[in-house]
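Here's the structure we're looking at; comments come further down.
Letters are used for the chains, namely A, B, C and D, taken in the order the chains are written, and counting of residues starts over at 1 for each.
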Amino acid sequence: MTIEKTLSGQHSLGPTAKPRKSSNRSALAKQLGRVAFILGAGLLMAVVLIQAQGYQAIPTILSGLEYAVGSPQSIARTLAWGLPLFVATMGVAIAYRSGMFNIGAEGQIYAGAMAAALVGAYIGPMFTGLHLLLCIAASAAIGALVAAGLGWLRAAWNVDEVLSTLLSNYIIILFCAYLVTAPLRDPSRQSGSTVPVHDTAMFSEILPKTQLTTAVFLVVVLCAVTWWISEKSVIGYKWRMTGESPDFAAAVGINVRRARIGSMALSGALCGIAGALLVTTSQGRFWTEIGTSIGWDAVLLAMIARARPVSAMIWVAVYCVMRSAARGIEQVSTVPSEISLILIAGIIIAASARAGIFAQLAKARNAYTRSRGKN
Amino acid sequence: MDLFDAFLSSGVRLTTPILLAALACLPTQWTKDLNIGLEGAMLFGAFGGVVFGLMFQSVALGIAATVIAGIISGLIFGYVITRLNVNVFVAGIALNIFAAAATVYLLRSFFGVKGTLSDPGIPSLPVYNIPFIKDIPVIGAIVSGHTILTYLSWVLVAVMVFAVRRTVLVRRLKAAGEHPAALAAAGGNVNRMRVWAQVWCFALCALAGAQLSVGQLTLFTEGMTNGLGFVALAAVIFCRGKVKWLAVMSVIFGLASAVAVQVNDAVVAPQFAQMLPYVIAFIGLIVLAKTSKDGGIRIATPTMEA
Amino acid sequence: MASSGSPTVREASAVSTATPQAADDFVLQLAGITKTFGPVVANHDVDFTLRRGEIHALVGENGAGKTTLMRILYGMYQPDAGSIRLGGREVTLKRPTDSIEHGIGMVHQHFMLVPGFTIAENVTLGSEPRKHGLFDNAAAKAALEEPMRKLGLSIDPDTITGTLNVATQQKLEIIKVLYRGANLIILDEPTAVLTPQETEELFELLKRLAAEGSSVIFISHKLREVFALADRITVLRNGETVETFEAADADPAMVVAAMTGRSDVNLGRVERDRPSDISAFTVEHLSTIKQGSDAALNAVSFQLRAGEVLGIAGVEGNGQASLAEALIGTRPLTAGQIRLGETQLESLSVNDRRAAGLSYVPEDRHLEGLPLNGTVAEGLAAGVLRRDTSPLGLGAAFTSKVRAWGTEMIRKYAIKTSGLDARNSTLSGGNQQKIVMARELEDEPECIILAQPTRGVDLGAIEFLYNQVAEATHRGCAVLLISADLDEILRLSDRVLVMFGGSIVAERSATATSREELGMYMMGIQQTEVSA
Amino acid sequence: GGQAPSSAGADSESLHVGIFVDNAFGDGDFFDQAAVAIDPLTDEQGAVVKTYEGQLQAQNFAPLLQDAADTNDIVFVLGFEAIDALVSVAERNEDTTFVFVDGIVDSPNVISAEFRTAEGCFMAGALAAVVNQANASTTAGFIGGVNAPVVENCETGFTSGVSNVDPAMQVQGQYVGSFTDPSKGREVAIGLMNKGAFSMFAYAGLSGAGAFDAAKSGENIAPIGIVADKSSLAPGLVPGSLTMRVDTVIESLTEKIVDKSTKKGDQLSYGFKEGGWEMIYSDELVTADQITQLDGLQEKLIAGEVKADGK
């Protein structure tokens, strides 16, 4: 019987917290134990899935890792792939941290990409830094506007943001698709895409043939600032408390409404910038499927990281390696690269079930020892 | 058949998977474990319908096997969210991603194909053209010419309406959601109720998916649910636990999709036509939040504790 | 609201309704019960017996393990060790149904009623009458008639439970127990939400049931009630049995000493200076609309002087929560004025009201008082941030400032915790409340609103907190004390206002009134003109 | 157990050919038709073929094309979305010959192979009209995936093909809004049927499968296939298919590149004449006379006597 669990009222991610050890070392050990468990579970799933395809698991995984992180070029390529994802995940995480489940990241990424593509193409050419700044600013603004609007609906009218952001994805993506197939189409192209942005609206490559651009510096700055806002600043405290317990926040004088709208705005701005990066680092224009599923990846990763910025960054890095390794594996075997998505879904379940699994094991062990004791 | 009848007939067909998925999800709302993994569960259902159909060379056996697989999945999902204490929102999102990837993986592994699994050996559900009735305008289009699953979905609506009024089970499901401690104290088993709700959810999602893959079509394609699960989710949220409203919302969404299919791009850009169900849902969400006393619904999102 | 007869007050000399018998007349024997939750030992080697027809009180401070022991008896928890004998036979109670089958019924500390269900549905939940496998509403209603009559309750069984007042809901809990035919009845703090008169009525009923042969276990923090009702009293402390008294041979001081392990606990009025004559806080014609289960405010007016404690008494749900929230600003007003010193507050935000010198200890510390999953530092931080940061709040000093202040508060308020980074949820209720009080009192407010400040806080901590409040009044702070606990109000206040149905129905001096008089007002039986 | 993963870049003697698609194989159309070339390339030309899937993620394109350039001598690139990445990667990898299939890329480093979409779809329209005439239907249906220019080009060709055969015949067009939604595709097909269409042509990827499925389930529809012979999707009900010989184009271009008869910057165009398009007719559903009529029209088209865009 686990009436204990149900009696505690809400169903939470893990069982109610146990007293936290005061020493940092044991906290670190616990954290490492958690990571080890999760990675172990992931590895186990990977081995099973690859073996099931008739390949030797370990050499296959190793060759994938070789592809992903085997050389400075590979690392650069892997990192370059993940740049937008870092920003988007930070964006989603900061909203979660404030109790706003922004699963509209996908739509906000599209909106941001569209804004950057338009500013990049129709304004300029001009000085590169300035042009990029304009593109980023426009995409941040549109992302922020969309997300803040949805945040306002929640703050003012209590419109559930999970569903409203979910639905906004479809509406925004379809609207962008309309724009590129009709009014804003590049007539020289056979598919729906906008005209290309000026060269001055593109980040320049740092390492040749890797796609790693100077955008990496922007991403580092954005991640650092987001971390600082979330964990160190007073406004971050207000947002976190709003997420933790809105009633508490209201009672101590935090403007809950403002915190919700504000955190959503920042979240949307970051997602918008992620969209801008898609345009300004690789594609150079908007097309109907530019952001395919990055927003969902960000939603999942922020969730695994439990919205903690540092752990979000670590998870994005791990995920980028996984995706990159899966692409590498696909080139040397017939293992579909979807394996990385299966793994990430498995890992998120393993991560959130970890405490529950150990509790069940402990219970089984107790039952076993008790039955042994009776005999 | 005139155009209006054709539109209605199309609307009924498009309503069926939405209605089945929404009916599937409803008990999970009662137990406050709203399963947002509908989309993924349906996709597996669609996949199962085709694969088991091929395997048994019989549509009935294929669907039965799919439903059994759904029941087993429901038990596992229920175990994960009750005993392993995984937040249902997290599990649902993971399920959606997992289903999208796993169906591709399985398609490649077992059938060596990507994208579509289409085979002359895939059996399909017959369509029942009811004599006399099929010739009556309007009624004929609505009542006649559908698969058994369409009729079943409406039977299920009636069954659920009755069950809500009269059965002990539904009372306990609702108690498990509204005040779990009360049910536990009264000797009920809260976790069992929560698991039952998920089992029901997956079993019906299996039917909803099968309706897509072997009811409306005889093939499986990657991601063939195309957001239908989320539309059904919206229907569940709007109905506020009431079966009748659930049916009404499903029909509205089905008809909205039918409009999108019928409207030509000379009238309105296809993107706007496609947006229709989502826009209706979005506006509905706002109206619902504005008009309900307790201020809308919250999906059971996880607490983000470290 | 119905009331029965004119209740008389019993003094601490319990009327024994059953004569103690030989050991074989024990309906229940708990021996050596141990139960741990992770590191917490909730019960340790607890022994407990219950005789047929006996009312047995179980007392102890918060967290002493009373509820845990009863939940074990009710099959909700499994003991780690120990035996349960019912009527002499050893039993294993794996789940509540097992206990229900053995004739055990439990009225829980918190209501176990589904708000959206009808009375009939709620009472029968778990053992529904069926016909052809379906719920038989008619049979359910019929089965309710007898227990409802016994409790003098005449409402339609199809009424939705959530719409009933708390006293009626409490009665439903007892009807649930009777419906299942229980003859061993456990009541876990059943009187917390009742007026003295309703309490008295409940006691009459319990005694009648005991006289008819049922056995009752009664958990309460209120010694007055324990002595009014019980035949025997068992005291738990830190999860262990301290002692079992025959009520007739014991007195409150002995029980308190057993509960706390101290002999110097003050149970009387808290010593304070006389309040000044300076008006500090004025409320005029405050009105709100109804939200949730609490009554709307209806032109409430009163005034507080510097250093004064004004008690607001009333049965919960009569507008006290609305009042507290309206004053601090989390609930909108429809009319009225609030003045703190020279400042008009009614149009200010919560933050601005606080900046003007108003402080607030909310009623529900788990929801509003603290971020339960947050750290102690986060719970305290709100106080220092309010004073010391720029409005935009990007100041970098956040962490160091909060930590220095937090460490100071832990020392000053003797908060028992492993440190600033401990989770609030790991602290006991008393220590959680100390965090809230520290945060609010250190603001040096001109007026503080205390809503149920010591609910579920144990005697030691209560004494400490009362002393802090007294100290604040010495500084000239005005205190609005909203409490459902009349003892608390009478011990701390200078004046008492009684709220009923969203209005103030009486004003009394705390030293010139009695529990019974206040009780009459609380039930809305009497009403006087109140001058603001 | 299991086999070891094949290491990249082994066996440097033989010809290495890469096929890159911007989305993924399994579209049931264009990409899968390209994959048909893999076996002939391997068997007949002794090439080592590798495939690359961009998964419609912009960040994937350039790195994968770079990988393809690193391992292959010739890389065929399919999918419009990859053009930008292709141009930049081709510029930096002189050793690899990049071929863009199904469109013109303005780059001196890329060979372009274009299919004259309107010309192919013209014949599909002609077939639709002929089939309709034989079945007393006055409307032909066109199902588009999304309203992208390439699809609209096709619709133009289809419409002029129909009116060339029968100027009085109407064309009803409808877009599914997705290339991957067969159940909507089915509803669209039924919708067009109810507007009077009998023969219909689906240029809609996987969504088009819905039209065949509708026919198979007994709806009164004659679906015309695109890219590959689609008769297996609705056996006995498909009057014909317009096949797009991506595979032969890839094979012949590989040969030409190897024997250096074509070079970077060339822009090739494929129609019926060059073997890019090919009509396949069903013997059961289309009479010999009708086939003769259609073949005649195709000749005229090749000779330039009729124009596919109807001008």
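The criterion applied here is as follows: a contact is a pair of C-beta atoms (placed from the backbone, for glycine too) under 8 Å apart; a residue touches a chain by one contact, two chains touch by 3 or more.
Just so we're on the same page, UniProt names per chain: A, B = Simple sugar transport system permease protein; C = Simple sugar transport system ATP-binding protein.
It should be emphasised that the depicted structure is a prediction, and the values quoted were computed from it without experimental measurement.
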Check: If you tally the C-beta contacts, which comes out ahead, A-B or B-C?
Finding: A-B
Check: Roughly how far is chain A from chain B, going centre to centre by Cα mean, in whole Å?
Finding: 28
Checklist line | For chain A paired with chain C, centre-to-centre distance based on mean C-alpha positions, whole Å | finding: 44
Checklist line | Distance from the mean Cα position of chain D to that of chain C, given in whole angstrom | finding: 75
Notebook entry, point to check: Mind pulling the chain B residues that touch 2 or more other chains?
Noted result: 114, 181, 184, 269, 271, 274, 303, 305
Check: Multi-chain contacts in chain D: which residues touch at least two other chains?
Finding: 146-147
Check: Touching two or more other chains, which residues of chain C qualify?
Finding: 76, 95, 373
Check: Hey, how would you classify the chain contact layout here, line, ring, star, complete or other?
Finding: other
Notebook entry, point to check: Which chains are in touch, pair by pair?
Noted result: A-B, A-C, A-D, B-C, B-D
Notebook entry, point to check: Contact residues on chain D for chain A in the complex?
Noted result: 1-8, 50, 52-53, 55-64, 66-67, 80-81, 83-85, 92, 102-103, 146-150, 153
Next item on the list: Quick one: which bits of chain D touch chain B in the complex? Just the residue numbers, please.
Entry: 24-28, 32, 146-147, 172-178, 180-184, 186-188, 190-191, 194-195, 206, 209-210, 213, 216-218, 232-233, 235
Check: Across the complex, what residues on chain A touch chain D?
Finding: 50-51, 53-57, 59-60, 63, 77, 80-81, 83-84, 177, 181-182, 185, 187, 189-193, 196, 208-211, 278, 281-285, 287-290, 292-294, 327, 329-333, 337
Check: Where on chain A does chain C make contact in their complex?
Finding: 1, 3-4, 7, 16-22, 229, 232-235, 237-238, 240-241, 244-245, 247-248, 250-255
Notebook entry, point to check: Can you list the residues on chain B that touch chain D in the complex?
Noted result: 1-3, 6, 10, 13-14, 113-116, 118, 120, 124, 127, 212, 216-219, 221-224, 226, 257-258, 260-262, 264-265, 269-271, 273-274
